[in-house]
Each structure stands twice: as structure tokens, then as C-alpha cells.
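Just dropping this structure here.
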């Protein structure tokens, strides 16, 4: 018998010996979208003090020059990470974080990387999916995939006896997809799955590109990355891990939708045996009981239901007409799909209450 | 050997004996969205004269009271279809067209119904999918499913020796889906298919509903009709027909996307045998050679590429990593997915050049 | 000489004798948009306990049935305001709050009304602007217009010796407009002003109306209420008050813009004398020094800069070419323009720190 | 006494001696947004043959590589304007057209410039507003401001005895504004005017810029160009001309709205004398009687009412409460505000029916 997929949220901080304190943190990449969300949340986090922001722009330039909405934070961009930072969040394009992160970890600082540079455990995956040879397979071995619903125990034991290490915060698509499918994978129910995902535009980052202008995106939807989006690698790694077997290559097709935020992953599943709705309901209720940020819902969720919050919503439905299941996961790509999730993992690693700084309700309409 | 899926667009009108003339037509449901598109196109159709519009509002009320953008048409709403109309387009909610259409056909008028009331040939499907017993199985037997790419010959022989009949214009989702999949179905290549579709909001019609307000739809995407959307019935009917065998129940999940117009159907296909890209390219090129409104494209199409036009775009791609295919179809749900397609079928039925009134290029950005 | 427009934000709670405590509050109209925002903020307010929600739906129905995004609040709709509530927020259409509010006030409860029913001091204005005779001119006399930047002292003395009373929370357009113009009005600089405002759709409320569907609003902008929008009455009342003279009827034309949230008021001013930028800068800096929620900015602000926050941004600019000034104010219509502002005023009235529950930074992109 | 503002649309082509024929034309800047609209319309123009497209990209590259929606036109980009072109439309950023246009005119070709390089008659305005010295004041003197509603006679006499010349097609803001105000200006009724305009994003062109990405523009509105937008120069030139007197510097503040197309100009007018609604109605009806593309409407128009068409809508309203007038003009910035208007002027210049190629009804919803 299998028990729960994940451990319930601990009633008390794991590191009982460490009372809540103010952790000095820094953000690298603070002028991007994920970086802005990190600042937005960390600036109001009760147990954190932001001691440094690194990003585009001259040292000393007010952050609001690049992030006008964050003027109220009263922060400025610096050229270097201050040494007092005990944890550093890095929000850079893939490939750009390896060097900075490695230096920080070597110097004894905990790194939470929001990019892909430490998500894949197998060094051989980097040339395949990201086009570069990873120089630090030692760090890949020590990195924790920062999805608390799957790896809470490992995250809670950071920093361990072997010193500080790297939290590799999951991608936005993998977060929505893995949360939707993990209970099925763990129960060995997935025979075959098609993942058809829809994303808002902010997931593509802040750099202006010809196909990301308002005029091109508005009133239009399209598929992209059809041949194989990089995020599929971490989906396969984690779903194989939770299920204890190789599901084979996953079909994953993302779509660009005319909205700024939000990811919805629609997972069309053929099961290994007949399964009916009550069993599914129990499976998912059990899997996510006690999870502070995953809500199993009876109706297909809209991305707007989780906007600007760290909440994920998951919906599971047996389709008697076709014999398939549909599993849907939604997150705000910049919060549970990026900055919020990184802070959730950081909270665990530093023995802080897991929901610290993350208890804001979604913003709608 | 298979030949082409459809006949090439005829170089000359089929009814060579009938020179182009001005056909008097009427529109029922002219105050809705599909009805508005009918008027927009028909008012500039070179071989048509609009002799009557029926819709909400008092008889004699200018159309622009309900359709402000159509003021330039200079038309008014009437309470009845004038008898001089040789063809009547009906754009009403499902179930509402049966009576009006039947009376018109019985009186010798050709009906083009944009709703679902005559799309399914088997009367038994109506209680199952639409919740009513169809009173005119005789008309169902005579109705032609108005997708010219599959039924051009039958449409071109209307009105035949047995008098005028009904053209059942396809739904928006089925148009995008069937056009994407028909070449595969005909070639016997579909072992299994998941259809994941994305639609703009205008497909839900004009009536204000709580979940269709701007504030609810904007910045959000969600699945709906998960248990079984009605449009799947006509997809199954037509794909089984073109393939000559029962594909079984199709998995079809539509999504509501924050845009006004456009449908994109992403079809994830497992094939009956290994098939590579060159064979697919040839299959689709052959299938749609000569089609005036279907364009096979090399890159995943965006709905904006066909906005406000009668064009459909189809993309086919072998995915070597997973062994699947992906077939994508896009249309403007109100044009090739509704009004434009109805007029295309009407053109065929009345021996007019098939593209009459429909040659406008898409509007972008 | 004039000194500051408003008193600086108090360093300590005004009612030093009342330590911060947990105030039991209720919300009437919790199923609308402003009501949802009240719940979103109050559920995380450190000094508040929500003891009752009244709205559409059966008593005991979970709030999430009507406000899916608020599932995390774990609240239900009730049929009556519980007597333990010390403050009741009312978010109902104009005219609908008078009776409920009156009964509550008569029973000794403090009411914060987000509608217009107590905003105008002169009873004669109600038949003119709102089409009904106000039955409680005694309450109009005691009601405080809840714009803390103008009426902080009066709000801070609530509830006073004459018992609890009514806070009339300002409308969204007036908030943006008055904050943009108050320093000029107080300095006697306004000779003539044209207020051209732009609003997101949520300001029109939650009821579905034909012209508020996504398909109608998207990709369109239009003026409305051209003849005289009701909000002009409170603008005139407050600007005349702050300036100490009658500015005469104000020109105010609102526009509906395809976005969900946000108000931008562009105020085109002719001045009573020549005034240059440095004087304006000093005037505004002085006026809003110490204000926790008003930020004077050097560049024209975007509504997105304040999204989902209680912040207002104000921009003042001399236009040498034409000799005019332009003053721009932006707020999130549902926060500083509704729920947030109501809570700010409540905080003052109950001696709580003014920013309690309202310190979230804006959400962008 | 004044008669009509403009001459009614001529019942027959002005150049009766030149029967309709096929005019060979070329487009420079065909890969931008205005250029795309030129191609969309010209490709279906009954009296035009496109003989050349110049734009970004290698010579011979299919246009659809840059304008995917125009695949149906079957055209390619060339590196040079073919000499057979009798008219060349130029859609380039300001400053970039002078040289090309001059060479073409000198060679005897008629140029329709959609940019600003020939709109201002006074060479001294170019350094002031556009930052360069205009090298061809001789061409400025011969250029016709291509607003047919004001300059139909001059356009109809092109090409005249002094050889081909330049049509300077108006800017998008000026088109909406001048059409809204011209009847008032001509009648001498404008004492003072504030022009507050709202634009979709496509008006900013196709180049990706940081503040034009979807994520930045969506859910936001802001003012820009507050200090003095360049378009005000042509508004002043034309309104002074039509009114026969100097109105002085105009207050004009544009705003960026989250939509792709559409311009709405709200003009707040103080009049030189009291004027009531019936006089205004007569004034506008008279001014635009017979105009094929200007519609005077009784309710405030939405930009969606003219989307994708060459129609302009104008609304005039006396506001008794304030004693002002409000005049509103809407156009599609890429059609009547750019490509459509250029073609309308070209039609006049070449003796073609004025509405040729431009009779499509607006597209809504």
C-alpha cells in the first residue's frame, strides 16, 4: 500500500532548533520578470532582509528604473552580490547561472536557481537539451529539484552536513504538469500521456522579441516548440522518479496564449487499468492532503483562479466515453511556476514556516 | 493508390448552364455574431442581393441598432423571411432552426443552416447530443454536411432533381479538426488521436453570460465541456466517413482563450504505422492541392494568420522523439468556422464561383 | 500660507490608548468584485477577523462557489450580518445600501460603504444624480468622505463621542482625479479643467451586460456617460472643499478600455497664473510627503504600476507649449479605488496602523 | 455663408477622359504594419496591379516570410522599385522616405507617402518637430495633404500639368482629430480645445521595443508624448487652414491602450458662442453629406465599429451642464489612419472611383 505521495505540511518548522530569524538574501537577475516577482515577495517576507539586488543597469540605480511597480520597495541595483547574503536567488537565462552559482556555493552560500542550470541530474542531458556541457557535475549531484510537493524532506535538510548546496527551482510548465500527474504516476496508472499546455507571454521573459509584441500576440494563439520543448526533460526525470519506472518520452506541446500570466497543462492520459472517478478523487485528495499550496478542485480550473499567488490547482476527471482520464494543472507561471516556488523551497531549507511570505490570496478578476 | 482527398476547385462553375446571376438571399439570426458575419460578407458578394434580415428587434429597425459596425450596409431587420429569397441562411442556437428550416425547405427554398440541427445524419444522435428528438429525419437524410473540402460534389449538385434541400454548415471546432485530420484518416493512418482545441470567445455567441464578461475571460484560460462537447459527434461522423472505418470515440477537449476570434485544434496522433515527414508532406499537399481556402504550412500556424478570412491553415509534423504526429488546424471561427464556410457551400450549390465574396485576405496584426 | 495639503501619516496609531486588537468585521456584497477584494485583503489583515459574509447565494454556501479564487479563505456566505461585527463593509449598487447601513448604524455598528449612498453631503444631490430621495439626511451629515489624504483627521476620530457613523468610501474615478488635482485646487491654481478618464471593465461590476462581454470590449475603446457621469458630483464636492471655492461644473468624460483593472485620469488644466515645473514639483512633494499610498512620479504612470495594490500614482507636468498643466492620477479601481481605500479608512477609524493589510507591492507584469 | 465643408463624393470619376484601367503600383516598406495593410488592400483592388514590393529581407523572399497572413497574395519582396510602377506607396519611418520619394518624383512617378516627410508645408517645421532639415522644400510646396475630406479637389487634379507629385498621407491621430473638429473649425466655433487621444499599439510600428511587448502593454493604459507629440503639427496646420485662422498651439495628449488597432480622439471644446445640439447636428450632417467614408453617429462610437475598414465615425455632442462640446473621432489607425486613406487619395489622383478596393465593411466582434 502506498500512503501519501508527499508528507503533509509540517505543523512546526523542521529545524526546531533554529528559531525564526531574519535571513539576509540577495537576488541576481532582479530586473527580469521572475526577478521582479522575487523582489515583490521577498520585500514583504517576514523573515527575510534583502541585502542585495543584481541586474541590468548601473550600480546604485534605483530598482524602479527597471521595475517601476516596485518603487515602494525602495531598493537599488548593485553590481555584486554582498557577502553577507546567506541565500542567493538567481533568475537568469539558462546557461548564465552556472558560473555565478558555482562560485557562491563554493563560498558557502546557498543558491536557489530559478533557471534550468541545475534541474537535470544527468550531466549528459545538458548537451542534448541545452546545448552546453555542464562544468559542474558535482553540483548537479548535490542539487535538489525544488518542488516541495515531491522533495520536501530533502529541501528541509538543507543546508546539511555537507555544506550549502543548490536548489534547482522547477520550470513553469513542469510545475503545472508534474503536480497534475504525480499522483497517477506514483500509482502506476499512466500508460500513455499527451501534455498539451497553454502559457501566458511573461514566461518568455522580458527581452523584446518580434513575435512577443502586443500586436503579434494579441488576438492569436499558436503552438511552439513542437519538436521538443526543453521542459520535457525535467518532466520525464521527475515523473519517472515518482513512479519508479521509465514512462518513455513524453509528448508535450506548449502554446502561446494572449495573456500575461498563467500556465494551464492539460494532460490526456490512457491508464494501465480501468479507473473510476471515486478512486481518482481519493487518490488526489490523499496525495495533496496537507499541502499548503495545492488545491484539488472539482471543476476545470482557470488560470485566473491562482493569479499572483503561489497556489496550484489540480483537476482530475475520468472520461467514461473515451476511457481516458484528463488531469489539469494550473499555476501562475511567475509565482508557483517561478519566484513563489523558489521562496517556498528556501523557506524549507532555512527552517522557516513554509508559507512565509506566500500567503497572499489570488487576485481576481 | 489513393488519389486526392477532394476534387480540385473547379475551373469553371459546375452548372455551366446557369450563368452567374444575382441570387436573392435572406439571413435569419442576423443580430448574432455569425449572422453579422453573414451580412458583412453577403453585402459585398458580387452575385447576391440581400432581400431580408430576420433577428431580434422590431420590424423595420435598422440593423445598425444591433450591429453598429454594419451601418454601412444600410439594411433593416424584418419580422419575416421574404418569399423572394431563393436561399436562406439560418444562424440560430441549436434546436431553434428545425422548424423554420423545415418550413422553408417544404416551400422550395434552399436553407443553409449554420447551427447543428441538420449536421448529424443519424436521428438517434439528436437526443444523445442535443437533448431533443429530431422531427424531420427525412430532412436529415437529404441534408449535406457543408464542408466543401469533403463534400464539394454533393454541394455542387444542389438543388438537385428532388428539389431544394438543406446544407448543414459545420461547427467551428469540427472545421479546424476535420481539415487537420482528414488526410490522415483517409490514408488509414490514425490509430489514436487526442484533440485539444483552443477557441476565442465569440464562439459562445452574443448572449451575455456571467463567465463570458471581459473581466472573467481576460488574463485567463480554462478547459470546458470536458465530459464531451457536442461538436465531437460531427467530427466522428465525418472522420469515420472519410476514412471508411470507425475510429471509435474521439477524445476532444476545448479551451476558452482570451481572444475574440479564432480556433486552433491541436491533434496529437498515434499512427497505425511508422510515417515520416516527406510522406506526410506529400499526403497533405496532394489532399489540398487546388483547394481555394486550405493552406498547408510548414510552421505551426497562429489563429491571427487567418483572422477575418475564409482561409484554413493546416500543419502536419512527425515527432520522431515520441513517434507521434501532430496535426494542427486553424480557422477564424466566425468565417471559415461559420459564415464564410456557409457562403462557400452556397456558392457551390448555386453554381457561382466558389470564392465569390470570400477572397478577402486575412487581417493582421 | 498653505503648508501641507494633508497631515503626514502618523508615526503611531492615533488612538494610543487603544492597542492593536482583532476587530470583528463583516462584508455585505461579498460576491461582487469590490466585495471579493475586501475579502482578499481582510482575510490577510493582521488585526481583523472576518465574522460574516453576506452576498448572493444560499446561506452556508462556500464563498468559492461565487469567488473561485478565494477558496483559500475558507469562508462561507451567510444570510445576515452577525451582531458581533464591529465594522461592516458594504459593497452594493448605489441605492441598495441605505437601508442596511442605516439599520447597522442605528444599532451602533460602524459602516464603511463602498457605494455612493453616503458620499454626497447635500441631500438635494441624490435626486439629481442618483434618482432617489435620500431618507437619512441625518446620516449624510455625519458621514465622512473616506479619502484619507483629505480627511485623515476626521476618520481618525471615528467612532467619536456621538457614536459610530458612516464612512463613505470614494468612487474609483474620484479617487484618481481628486488625488491628481487636490494640490492644485488647494493652491488656487485651477482656472479650468478637463478630466478625461480611462477605466478597466471591472469598474462596471460583475453583472453580465451585453456591452461588457469579452467579445464586445476586447480590441475597442469608447467614451460613455458623456452627458454627465455620477462620479462628477463627488469630485466637485471634494475639490471645491479643498480649494475653498466653487470651481463650477467639471468636465468629466470617462472611457472604457479593454483591460480588467485600472483607472487613469488625465486632467488638462488651465491655471489661474503662470506656474512652472519646479513650483509644481514642490507643491506635489509637499502635498504628499508622508502619505503612505500616494507616490508622485516623474514620468507618466501606467495603471499597471499600481495593479492589485493600494498605491496611487500622481504625475504633474507643465506644458510650456500650450501654457497648460497636465495632472495624471492612476489607481487600481478595485483597491485604492474601492476595497483597499475602504480598509485604509477603517484602519484609521479603529486606531490601527493605517497600512495594515495594505502593504502588498503592485503586481506586474 | 458656408455651404458644405467638402464637396460631395463625385458621382463619376473626375477624369472622365481616363477610363478605369489597371494601374501598376509598388509598395516600399511592405514588411511593416502599414505596408502589410497596403498589400492586403491593393492585392484585391480592382484597378491595380502590384508590380513590386520593397521591404526587409532578401530579394525574391516570399512576402509571407514577413507577413504570414498575406501568403494568399503570392507576392515576393524585391530590392528595387520597378520602373513600370506609376504610383509608389511608401511606408517608412519618418525621415527615411525623403530620398526615395524625391528620386521617384524626379523620375516622373507619383508617390503616396504614408509617413510624415511631406505632410508639413513649412520647411521650418521639420527641424522643430522631426529633428532634420528637409532637403526638398520644392516638393513640400507641391505635396498635397492627402485627407480627401479636406483636399479632394487638389487630389483629383493630380497628376497635373506640372507633373507627378507627392501625396502626403495624414497621420493616424490627425485623421481622427481633424475629421472630428473640421466642421467646428470651419464654422469658427472653436475657442479652445483639448485633444485627448487613445491608440492601439500597432501605431507604434512593428519593431520590438521594451515597452511594446504584450506583457508590458496588456492590462495597462498610460499617456505618452505628453510634452508634444509630433502629430500636433499637422493638426494645427490643417485646422488653421480649414478655419482660416490661427487656433494657437493645440493641447494634444495621446495614450497607449491595450489593443492592437484603433484610434479614438476625444476633443473637449470650448466654443466661441453658445451652440446647441440641433445646430451641431446640421453642421456635421452638412459637412459630411456625400462623404463615402465618414459617418456621423448619434452615440459615442467605439473603435471596434470601424475595425479593418476605411470608415471614420464622428460624434458631436453639446454638454449643457458645462457649456462645452465634445467631438469624438474614431478610425482604424492602419486603414483610414494609414493604408486605406492613402489608397483613397491614390484613387482620386488616378481618376478611379474613390471607394475602389475600400468598400469592405468593418469586422466585428
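Should a chain be cited, it is by its letter among A, B, C and D, assigned in written order, with residues numbered from 1 in that chain.
FYI, contacts are C-beta pairs under 8 Å (C-beta built on N, C-alpha and C of every residue); 3 or more make two chains touch, one makes a residue touch a chain.
What you are looking at is a predicted structure, and each value in this text was computed from that prediction instead of being measured.
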> More contacting C-beta pairs: A-D or B-D?
Replying inline: B-D
> Looking at CA centres, what chain is most distant from subunit B?
Replying inline: C
> When the C-alpha atoms of subunit C and subunit D are each averaged to a single point, how far apart are the two points in Å?
Replying inline: 41
>> For subunit A versus subunit D, what separation do you get between their C-alpha means, in angstrom?
In response: 48
> Where the CA atoms of subunit B average out and where those of subunit D average out, how many Å apart are those spots?
Replying inline: 36
> Which residues does subunit C have that touch at least 2 chains other than itself?
Replying inline: 33, 200, 202, 206, 215-216, 218-219, 258-261, 301-302, 304, 307, 365
> Which residues of subunit B touch subunit D in their complex?
Replying inline: 33, 36, 40, 43-44, 67-73, 202, 206, 218-219, 260-261, 295, 297, 301-302, 304-309, 311, 359-365
>> Show me the residue ranges of subunit D that touch subunit C in the complex, using the header's touch definition.
In response: 194, 196, 198, 200, 215-216, 218-224, 226-228, 249-251, 253, 255, 257-262, 264, 266, 268, 300-305, 307, 317, 319, 321-324, 326, 328, 365
> Across the complex, what residues on subunit B touch subunit C?
Replying inline: 33, 200-202, 206, 208-210, 212-219, 258-260
